[in-house]
Every structure is written in C-alpha cells, then in structure tokens.
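One structure below.
Chain lettering (A, B and C) follows the sequence in which the chains are written, and residue indices restart at 1 in each chain.
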Amino acid sequence: MTAPTGDTSPADPLLRIAGVSKRFGGIVAVDDISIDVARHRVTGLIGPNGAGKTTLFDLISGVSSPNSGEVLFEGRPIQGMQSHAVARLGIGRTFQSVRVFNEMTVRENLEVADRNGKHRGSQGFADRMGGALAFVNMTPHQGALAGRLSYGQRKLIEIAMVLIQDPKLIMLDEPVAGVNPKLIEQIGELLTELVRQRRTLLLVEHNIPFVTSLCDHIIVMANGKLLAQGDGEQVQRDPRVLEAFLGT
Amino acid sequence: MAPDSAILDVQGVTAGYGGSAVLQDLGLSVRSGTMTGVIGPNGAGKSTLLKVIVGYLRPSQGEILLDGVAVTGLPPEQRIAKGIAYIAQTRSHFPSQTVQENLRLGAYLVKDARLRAERQNAVFERFPILHERRRQLAGQLSGGEARMLEVGRMMMTAPRLAILDEPSVGLSPKLVDVVYGHVRSLCDQGMSFLIVEQNVRKLLSVADFIYALEGGRNRYDGTPHDLSEDGRLAELYLGARG
Amino acid sequence: MLLDLVYFAALGVMTGGLYGLLGLGLNLIFGVMRVINVSHGEMLTLGAYTAIVMGLGGVTSPWAAIVAAVMVVTLIGFLIARYLLQPLTVESRIDEQRGMVLSLGLSLVLANLVLAVFGPEYQRVPGKLAEGSIVLGDLIIEKQRLIILIASLVLAAALMAFLRFTLTGKAIRAVGENPEAAQASGISVRKIHLLTFSIGSALAGAAGALITPATYAFPAMGLNYTLYAFSVVIIGGLGSVWGAIFAGFLLGIVESLSVIWLPSGYNTIVGPVLMLFTLIIRPQGLLGVKPGRA
C-alpha cells in the first residue's frame, strides 16, 4: 500500500530507515517502517496517540534499539549505537519533556552540549554560545538558572543546545507542545530560518496546522505502521489519515 | 431546576502544569440531562480539563460552576458530595478489595443503609456479572468487567453529573458498544454526562452535543450532525481548509 | 541445652510480638502515605516516657499509664501529621524523599528534646504489669513478658480487623492503593492521612508503654526500635500485614537464640543481617506484595 511521495530529493537521503520494528513485550510499537529523510528538507511526522512516533525518534537517536531493520545515517548503520555516539555523528535531538539541566545555568547547559558537538575541543565556545543564544533570542539569560526559566524559555534553551552542536540532522520532538500562541509563532520563525540555512529537520508534532505550514514532506503513522506520506495538501485530503485521527 | 439549565459551567479557565498553560481561557457547559462529548487532538487539553472540573488541578484563572454554584477551590471529595462522579482513564477501582467492597467504597458518602442497598441492587441488576463475582477480588476482573465495576461504583452515589475520561480505552469494539449502551440508558434516566473520547466516531454516534478542543481552547461546539458536516472534522484534526 | 533453646525461643516469641507491633505501625504509615517514618522509634520513646511521668506522678496502675501514653502519643502523632506532613502533601501524595528527610529530622529533634527534659539516665517505672512467673515444667516465664506478648497480639488483631472489616479501614486501604480513585469516591485523603499516622504512632506509643515496666527507658532508645521496625518491615515485606507479624516473631526468635552463640551485645546485629539476606535473596520480603500503586 504505497502512497505518492511527492518528494523530489536527490537519491541519497541523509537518513534512511529500513524495515525497522520495535516490540515492547506483546506490543508492537513500530511495525516495519521504511522512510527516507531528504537533505535540506523539513520532514514532519504526525499521527494519533500511540502511533509510535516518539518510539521511532528513540530508535534513531539511540535511546533504544530496534528488534529488526536498519537505521542508516549518511549511508552508515547507526541502529543500536548509544545516544551520545549518535549525537557525535551529527544528529541533534530535543525531547517532549524538555531535557535541560535545571540545576545549571544556561551557559553551563550550553557548555555541556558543546562538549558533544561538532566543534568539541576547539576554541571559540563563547562565540558559538553567543550565536546559539542570539538565534533563540535568549542572550540576556545566559547566567540564569535553567530551572528558573519559564516552560517556553526552557524549550528555547533546549533548541539552542542542539544548535550549538551544529548537527547535520535536527530532530525536534513536539517543539511547540504546551506553548502559548506567540511563542508558537516565534518557534515557527526559528525553524523557517533553519530551513533557509539549508538544514535538515525532522519533527514530531500534534499541531497539524503548524506542521503543514512548515514541512515539505509529511509522514503519517498510525498503530506503529506507516499510513501515508506526501505534502501537506495530499495528507490533509487523504481520508485514511482523517480516520486514523478519529480513532477508527 | 429548569430542564434546559446547565448542570456544569466552565468559565474562562486557564490551567496547566509546571509553567506551561495547557488550557487557555476555556469555556464550556453541559446542559442538564444530556450526554456532552469533548474531542480534540492530542495535547489539546482534554484530560487536563477533566482534572480541573473534578478538582485534582487548580486553575490559575476561571470558575467551575455546578448547578450555578461555584465549586472552584473545593477538593475532589467535596465536589463528589455535591453530585459529581468521575471515572479516570486509568484504573479507577481497588484491585485488592472485592467487588462488593469496591461498591461499598463507591457509596462512602451515602449514610443511609437502605439507600445503599437499593442502589447496589440496581447495579447488580444492570450488571449481573458483578453480582456473580461480588465476592471476588476486583483485580481478577477482566478489562470490560472492571469498567462495569467502575460504572457501578459511580452509580452508588447516583450522581447528577458523571465525568468519564476515555471510557473506550482498552476495550474491544463490542465492549465499547456495551458500555456506551449503559451510559445512554443512564442518561435517559436523568444522569448528565461529560465524556472525553479518542474514539471520535463512536462519540459522534451517541452524544447530544460536542465540544472540540484544540491548543487548550474551545475551537468548535455543536451537535454531532453539525460537526460531521463535510470538512469540519478534517479542519479540526488536520487543519485542512475547504 | 534443649531447655536453653526452648527458653530463649519462648523469650524470642515474646519480644517478637513487640517487634511485629512496631512493624505493623511502620507498614501502615508507609503503605498508605508512602512516608518512610524514621521517627517511628521516637513515638515509642515518647510512650515510654509518658508512662514514666505517670509512674513518677504517683499513678500506681501501669495500665492507666499505658492508656495515658497511647493518648499522648496519638495526639503528638496527629500534630506531626497535621502541621509537618500535610504541608508536604501535593495533590494527595507526599514526596517520599521529603517525607523521609522530615522524619529523620524529627527523630533527632524528639530524641534530643527527651534528653533535655529528662536527662540521659536510664529510668524505670515503679511497679510491674504483673508479679511472678508461670512455671511450665522446667521453663520459667515471667508473667509480665507474657502479658506484653498477649497485648501485642491483641493490638495487632484489632488493627487487622479494623482494616479488613470496617468502612474506615477499607477507606484507609483504598487511599494506600489508589488515592485518586479514593478521592473520586468522596474519601478525604487528607483526613485518612491524619488518621493513619495517628494510628501508627499510637501503636508505637503503646509498645513503648508496655515495655517500660520490663526494661529501662533512655532518650536514645527509639533508634534501636526503629531499626527493628524496619527490619521487620523489610523481612516480612512492605505492605504485608501478616508479613510484619510473621517477621516480627522470626526476628525475635532468631535474635534471642543468637544470645546462645554470639557474645553479648552482638545480638543486635541479627536484625540488620536478616534484613540484608532478605534484600539479596528475596527483595520483596517473605510475604511481600508488590502493590503497583496507581
């Protein structure tokens, strides 16, 4: 059951997921998924609750390993690698739960992130930090304790921590969940700027209008399986996609 | 109480966890004697809304009115005393106690022993399997039987407003129909219902009125018929226009 | 030799009843409130010193002293729960770490208060629960110790019946199992917490008052008994009422028998060692249930 891809990327995808499955006890969370993430594009991953989106993210970023199948990054298999090793290869990822170090300052958080990033060990941290903070508009908060910031501000810091690593693939897990409309707009602009810089983005989101306005290519998952893919319009018009969200 | 009055009024509620505002200035009401449904994509704030109504979570702004009387600020047990019942999404009973003990606890606030006996009989009449298993530990019941026990517990207080959080979760389609059959029949007897559901199609087929939430706000409300109109649902869930 | 064994075993049974009682109180508090009550032994200390105060005040009946001790300790337990534990309660649950740290501080404060008021000397209550001994063949058992055993068993039985058969008891168990569902039944978790902590403290206070006619009281006595209570709870299994009773007797007997082989003073090592064994071999305890809390 193949859906039109509408994807005109070059032949070598940055990330290729091939026949990946993941079981937790009796539950198949990810069921034989094969997807390509094209370079310099924004790909969105949507689906109802329990579709397996975050599990798939975990399988890519090394938080867990698949029972079968391969995850290829720049042609190289990375499934089963530990998450810090995956990060060092150039994949940066944010989490639904907003993982920043609450007991450390913003600067210290970025120091930690930088140590695992592309320019680790080299001079110029101050510049890199300055650049990352300026990009997310959080420069005045450099010395603030991360735990004292608001929820939205912590989300921005988490994005800065990913950016300071200068990754080749940026994975965002629900970047605008629980965030006020103004900040949704701001984050949308940030991501659009990243797209202009020809970065590769893969994001999971529940806010479908946000996804359709930002993403070139949308992948729909339901019950662990790949349901459909295409551009925003194609996905919105596909009756199977609507039915999946309505719980049938 | 006028027949068409609102048994529940949620006014301008803003609430959330740890700094993030899940509900933003939300309002809705449940008309007395109706089955009102709440749908919406994930993260829209449906479960949070129920927690605020039942009293597990304090809103930073807004009021909750039961029969016109403000209950914001009251702890859950006091709202239960005023006629609300709540069945949570996760286990809402006590596996280590027997079916009968579970029902007895459901009637914790009911002091009149004869009333308790009457209501327990009503529960057993409606759910003969519970009568059969009344001395068994609730932990030994199947998923569907446990749900029925939870409905039975709820019936012990004869609530005026019953709040259900995703009653279809974990149940086979046949059992979902059975549960909703009982809900409809209780509603016809006068109990008002507020139901959150992921299974939108099912809810549309039984509810009298629907609220659709998105991003913590009330995006749309109307009858299931209105909502099923072409494109409405697609617009809501997928943001499709036209 | 056999007589020795039987004698020490019998002695162990009698102290075991007491340990079981302490374990029950601790189990109740943890099972319902998820509070690891490090100050449990201090409730016993307070019970003991209340009995002493009564005795020094001229009250000759040790039974009156016991009743007074239970009332005083129940009140103190209630105040602790109301003014120290309640502020820690968020959405009907108490953070385990905070509860434990609070009770740790409390145990230090209480023990030192007793020290400041009564001084470090060992104290005794004048009078005994009962005079004389029972003679069974070659075995001589002090009546007093027997009474302590019977009292412990009676209290334990009363508690178990209360939890099992009364509505309030079922409500207490319900809050321990699923506080949100309990609230949805109209049960006030706040009030149940207050009640539970008061009952748990009362049991410890009763234990303290029971033992004073038989042994000495001193300000730091609580710590030892807290250790026993924890050993019982872990060996018997968290959340198991029968486990606490069984483990209490087991601990009492083994510790008592160890007197035969270990140099004196070393027998207090038995409890912790048994606890260690249990954690390694069967972490959930002998009769432990792993109550999956909702």
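Operating definition for what follows: a residue touches a chain if its C-beta (ideal position, glycine included) is under 8 Å from a C-beta of that chain, and two chains touch if they have at least 3 such contacts.
Not measured: the values here are computed from a predicted model.
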If you take the mean of the Cα atoms for each chain, which one ends up farthest from chain C? A
Specify the chain with the shortest distance from its C-alpha centroid to the centroid of every protein C-alpha atom present. B
Using mean C-alpha positions as chain centres, tell me how far chain B is from chain C in Å, no decimals. 43
Could you state the distance in Å from the CA-based centre of chain A to that of chain B? 35
Per the centroid of Cα atoms for each chain, what is the distance between chain A and chain C, given in Å? 54
Note the residues in chain B that touch 2 or more other chains, in rising order. none
Touching chain A in the complex: which residues of chain B? 16, 18-22, 24, 41-43, 197-202, 215, 233-234, 237-240
Taking the touch rule as given, give the residues of chain B at its contact with chain C in the complex, in rising order. 54, 56-57, 75-77, 80-81, 85-88, 90-97, 101, 104-106, 108-109, 153, 157
Within their complex, chain A touches chain B through residues 48-49, 150-152, 174, 177-181, 206-209, 212, 235-237, 241-242, 245-248
Okay, in this complex, where on chain C does chain B touch? 91, 167, 170-171, 173-174, 177-178, 180-190, 291, 294
